[in-house]
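Two complexes, one shared chain (chain A), two partners (chain B, chain C).
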Partner chain A sequence: MTRARRAAAIALGAVYLVSLGASSLPHFDYARQFRDCVTAAPSLGHPLGTDELGRDSLARLLHASRVSLLLAPAAALLATAIAVAVGGVAGYRGGAWDALAMKTTDVVLSLPWLFLLLIARAWLPLTAPPWQTLVITFALLGCSGWAAPARVIRGAIRELRASDALLSAKACGYSPWRVAVVHVLPGLRAILLAQFLILIPAFILAEGNLGVLGLGVGEPLPSWGSLLRDLVNVPEVMERPWMLAPLAVFAAVTGCFYLLTSSGESI
Partner chain B sequence: MLAGALIRCAPGFGIDERELDTRLNAGSVSRLRQAAGQGRDLRSFYIGYAARLVRGDLGSSQALRQPVAKLLRERIPVTLATAGAGLLAAWSGALGLAIVTVWYRSRWADMACGALSSALLCLPAAAIGLLTVLVSTRAGHTAIVAAAIGLVLFPRLFRLIRGILAQAMTSPHVSSAVTRGVSGVRLVAWHVLAPSAGPLLALAGVSATLAFGAAIPVEAVCDSPGLGQLAWQAAMQRDFPLLVNLSLIVCLLAAGSNALAEVAAGRIGVERR
Partner chain C sequence: MKHFCIGLLWLASGALYAGPAAPRWGGELRFCVRADPKTFDPLLVDDQPGETIRYLTGGVLIRLNRATQELQPELAESWQVGERGRSIEFRIRQGAQFSDGSAFTAADAAYTLKTILAPGANLPAADAFSAGGAITVEQLTPDRVRLRFAKAMAGVERLFDQVVMVSSGWPASRRAETAMPVLGPYRVAEYRTGSYVLLRRNPHYWRTAEGGRRLPYIDAVRVVIQQNRSLELLRFMKGDIDLVDTLDPGDYEKLTRGGAWHAYDLGPGLATEQMWFNQRSAAPIPDYKKAWFQSRDFRAGISSAVNRADLARVVYRGRAVAAAGPVSPANRFWFDGRLPAPQYAPEQALSLLARAGFRRAGAALRDSGGHAVEFSIITNAGNRLREGAAAMIQEDLAKIGVRVTVVTLDFPSLVERITHSFDYDACLLGFSSVDLDPNGQMNVWLSTANAHAWNPEQKAPATAWEAEVDRLMAQEATEPSAARRKAAFDQVQEIAAREAPMLFLVYRHTLCAASDALRNLSASVLGPQLVWNVEQLYFAPERALEARR
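Let's look at the complex of A and B:
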């Protein structure tokens, strides 16, 4: 592991610890309103100020970090599982299955991802309880991000299929399930981990876009996307530049994830 | 077709909000229900849609109460102008910087370009749109939207173009040309860019759909009356007729741009042979 990657891993660990630890403290209640200090500037009591409803911006940022940092990996796990199923069937069975899976993958990859998300999000109820919108948003991301990893996994499985180890296992008369679980999946571990890590920042970014567009997690539950929605009021951001703090944290965390998965050729 | 089928399964499809209006009598409510339920049967929807499509009738937007064809006619030129300008700016910047980093092989140039593309890659397209509005208060509206789309596309294009050119630089014919003393510009144009034309054209095909994807959040936050903003409004208001037609346009755009790129790559391949 290079020095930059180690630093990124430590920074991500610190963000996870702070967001999980501090957001469980009673002082940092994301929905509590301080009605005597609405849109307040940063102070000792409210280090990042308060929003237009008098809610502490730091508390909301911590809770948003917890939501996004826990659910983006969960969505990435779901997408990787779907990719394993699609890529696995295509690579292992070959023939018509392979052709059908790859055509579907091509269609999904050739269309703008955000447009697909928008269509799918419109398909589901827009006015739902906050927790429901949270689950809908991240489940949608998980269900729509499988195409690129499926292609990679299919390629890796095709290579594995021709390997001596797999031929030997088949010759021993092992069942297809045993071959898949004991011989194929362990060989894919590195690829699956890489695909999983690549999907996390992509999902964080997609949630950010959906949140700014008002199609993400519903109020009052905070997520990074819903916090970024406050930036739509550009004149207010110019007067209160500390409103950019969530964007800075967002960019730093996404950057750390990208650094963790980069090949080390460039930053 | 898939969009049309999925939309029929959406919760709330075929129900008109105006049914809740207490001022309407039973007859009006019944007529509203009849009108809303007209497209419920999938087969009749497809046949009716195809027949209307042949006549150039794309139906009416439920939310905007206007013919979809009129809305598209008004908004396509806006998106073509902004996304086209953004695409051009992103390609110029990405190709120029990729050539610089690959040609000079300077660690600092590589790090600077990498840092710039990474920084932009870490921000959601909507946030880039908002930051562009924040920074460029004096620029024109179209220029701001085009710049934002360009900034969204730049890091994605830069990384891919740099990879393609770096691979071409390592090929034996480039080393041979360098030892024969071929000059810098000629080397880049004939020995690096020309053999990379195929993958670069394929990327150009993909970048058209990337540009539309970037236009959705950017137009929505910058209040630009283009197709991206229309797609966002249609999603926000669950305007299903508009969503079906926008899906059709996006599919045509993706298929058209990829086909153009393939034809161009094929022509270049024939000429080079």
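Let's look at the complex of A and C:
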């Protein structure tokens, strides 16, 4: 692991630890409104100031980080699992299976997912708590993000299929399940990890986009999407530059993920 | 949802005259609208950008002076309401011409009115006349036109502020073309989709300045299409545009800190922000929730638990006042000053709720059947002020044990829920106003109306108080005496305050800003706030010269 990637891993770990730890402290209540202290500048009481409703910006950033950094990897895991299943069948079985799987990925890639997500959000029960809405949103992102990785995985498996190791395993009469688990998956480990890590920031961005459209997490739960939405008001950001803190954390985390995946094969 | 046409009255439209002596001619006025106009056909316009273009280019028989709130003659030199509100007769102005030089006559006025009021035409401008029943239009003489209504229409003359005259010689199929002759101070010269609409002076505009030269002073108006309000503000601060007619409180505060402009706080505007509960019996929500929402004590209890003063102070940064009813105090004539001022009283809220069978059980409030009181509030996504208000209501109600889920939906989804599927608990929205007269609120208050938000299109009034409101609104709409109309509508407001079908939250201030270079401004709470007297506006000398270059 290079020094830069080690630093990225440490930074990510630190963000996880801080967001998981500090956001559990009672002082960091992300929903409490200090109505006599709205849009306040940073102070000892509120190190990142307060938002338009007087809520502590640091508490909201920490909670948002926890939410996004837990759910985005979960969604990425789901998408990677689906990609392995579809790409694996296509690459390993070939023929009609391959054609069917690739046609399916073409269709999925061509769908306007943002609009489908908007429709799905509109269909959710109105009384669903914000966290449930958020989990469903990320689940939908996971279900929609598998197509591109599936293509990569299919290509890798096609190469593996012609390898000596796999031919030997088949010649020995191993079951397809054993071949997949013992010989194929280990060979795909680096690719799967890279795909997984690439999807995490992509999903964080997607949730952010929904947030910018005003269709992200419901009040009062914060997410990076809802915090980034505050930055739409450019003149206000110019006057209160500390509002950029969520963007800085978001950019740093995204950068760390990309650094980690920049040469995934050697991870 | 098509905007609710709530008639409200006027406002403190302080005359903000800032001009020195001799007006200068020339220059180009620039400002933004949020979207492309859907059509240039003045008889089909039903969107905000289209209405702005129509105002600047169209001529009407009677104009509502946005500063004085008085009606003034425009293309009609005079008018007379007769037969106790069953007819109105206009005397058409002599010498007025369309932008192509053709004369405007009573035949054009009669043609326009017949086109709008034709049965089955379903033109937006005809909605306001629906209370009059069958209407006949007659051209009496070359300069006189008369309308007769089957039913008396109180305050009918105000409706003609929105009725733009068109040429009888221009084919109806070509009315949406930019070349259509118009009677207003400007005509459409160029339209670039998604970019701008350029208006140039109408060389035949009938109104003249001192000395007989035809107005307007400013040569052209560039209406820039800009959806993003932040970018609009930046463009204004850079001097790319000359005015902003709707500002958020935060943006207003920024502009008050100085610059080559003047920011106006015109006080409470005509728009209201309110929340209502879904009272429709057939709504696909649990029966126990329907029972809550149909309980007056429940609605009044929730209303008492909402801290409106904090809403005005925090969300609107002090640029709003707590609302007591559907009519803002800015509407001096129709506002009912006897309505009790809304109080934040959580104890009183619990007492009212207890009367309706609700009890605190631990942290949660429960009804007599043991159901925890929790409901969702839907509002439109993207409106930060409204989302902030919903979040504050959420916290206020949590203090009395009510759990609220705030759901922001894209506008079509929201409209679908409140007008078709009725699959919602409560809704938070604002009503904008285009009419000062309460007749403009018919579509909200009548139990049969489609904008009777809490329970629309009832076949028969669901409650006794709604039946009483129906009766009072009918009385108000046909009564010729202004005092008796006022008394009837005051009763409607008092019933609304008592029964709380809608929880009126705040009256937002009207906030706008204009360049210091612009002279003769007279900002008004009535739209279009800053350009309602566009033909009288002019630029300071330096700016006029710069624009010419």
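Rule of thumb we're sticking to: the second predicted complex is superposed on the first by the 240 of 267 C-alpha atoms of A that agree within 3 Å, B and C clash if a C-alpha of one lies under 4 Å from a C-alpha of the other, contacts with A are read in each partner's own complex, and residues count from 1 in each chain.
Everything that follows uses one rule, which is that a contact is a pair of C-beta atoms (placed from the backbone, for glycine too) under 8 Å apart; a residue touches a chain by one contact, two chains touch by 3 or more.
On a predicted model such as this, the values are computed, not experimentally measured, just so you know.
When the two complexes are superposed, the chain touching more residues of chain A, out of chain B and chain C, is B. Look at A:Gly218: by the touch rule set out above, it reaches chain C but stays clear of chain B. In the superposition on chain A, A:Leu53 makes contact with chain C only, not with chain B.
By the touch criterion defined above, A:Val38 lies against chain C but remains apart from chain B after alignment on the C-alpha atoms of chain A. When the two complexes are overlaid on their common chain A, residue A:Trp113 makes contact with chain B while staying clear of chain C.
Look at A:Val234: by the touch rule set out above, it reaches both chain B and chain C. In the superposition on chain A, contact of A:Pro130 is made with chain C only, not with chain B.
In the superposition on chain A, A:Asn209 makes contact with chain B only, not with chain C.
Residues 118, 121-122, 126, 213-215, 232, 234 of chain A touch chain B in one complex and chain C in the other. By the touch criterion stated above, chain C contacts chain A in their complex at residues 228, 230-231, 233-234, 237, 250-251, 254, 310, 313-315, 317, 374-376, 378, 381-384, 387-388, 390-392, 394-395, 405-410, 413, 423-425. Looking at the complex, you find that chain A touches chain C at residues 31, 33, 35, 38, 52-54, 118, 121-122, 126-130, 213-215, 218-220, 232-236, 239.
Across the complex, chain B is touched by residues 110-115, 118-126, 201, 205-206, 208-209, 212-215, 225, 228, 231-232, 234, 237-238, 247, 250-252, 254-255, 258-259, 265-267 of chain A.
For chain B in complex with chain A, the residues that touch the partner chain are 3, 6-7, 9-12, 110-111, 113-115, 118-119, 121-127, 130, 133-134, 206, 209-210, 212-213, 216-217, 220-221, 231-232, 234-236, 238, 240, 243, 246-247, 250-251, 254-255, 258.
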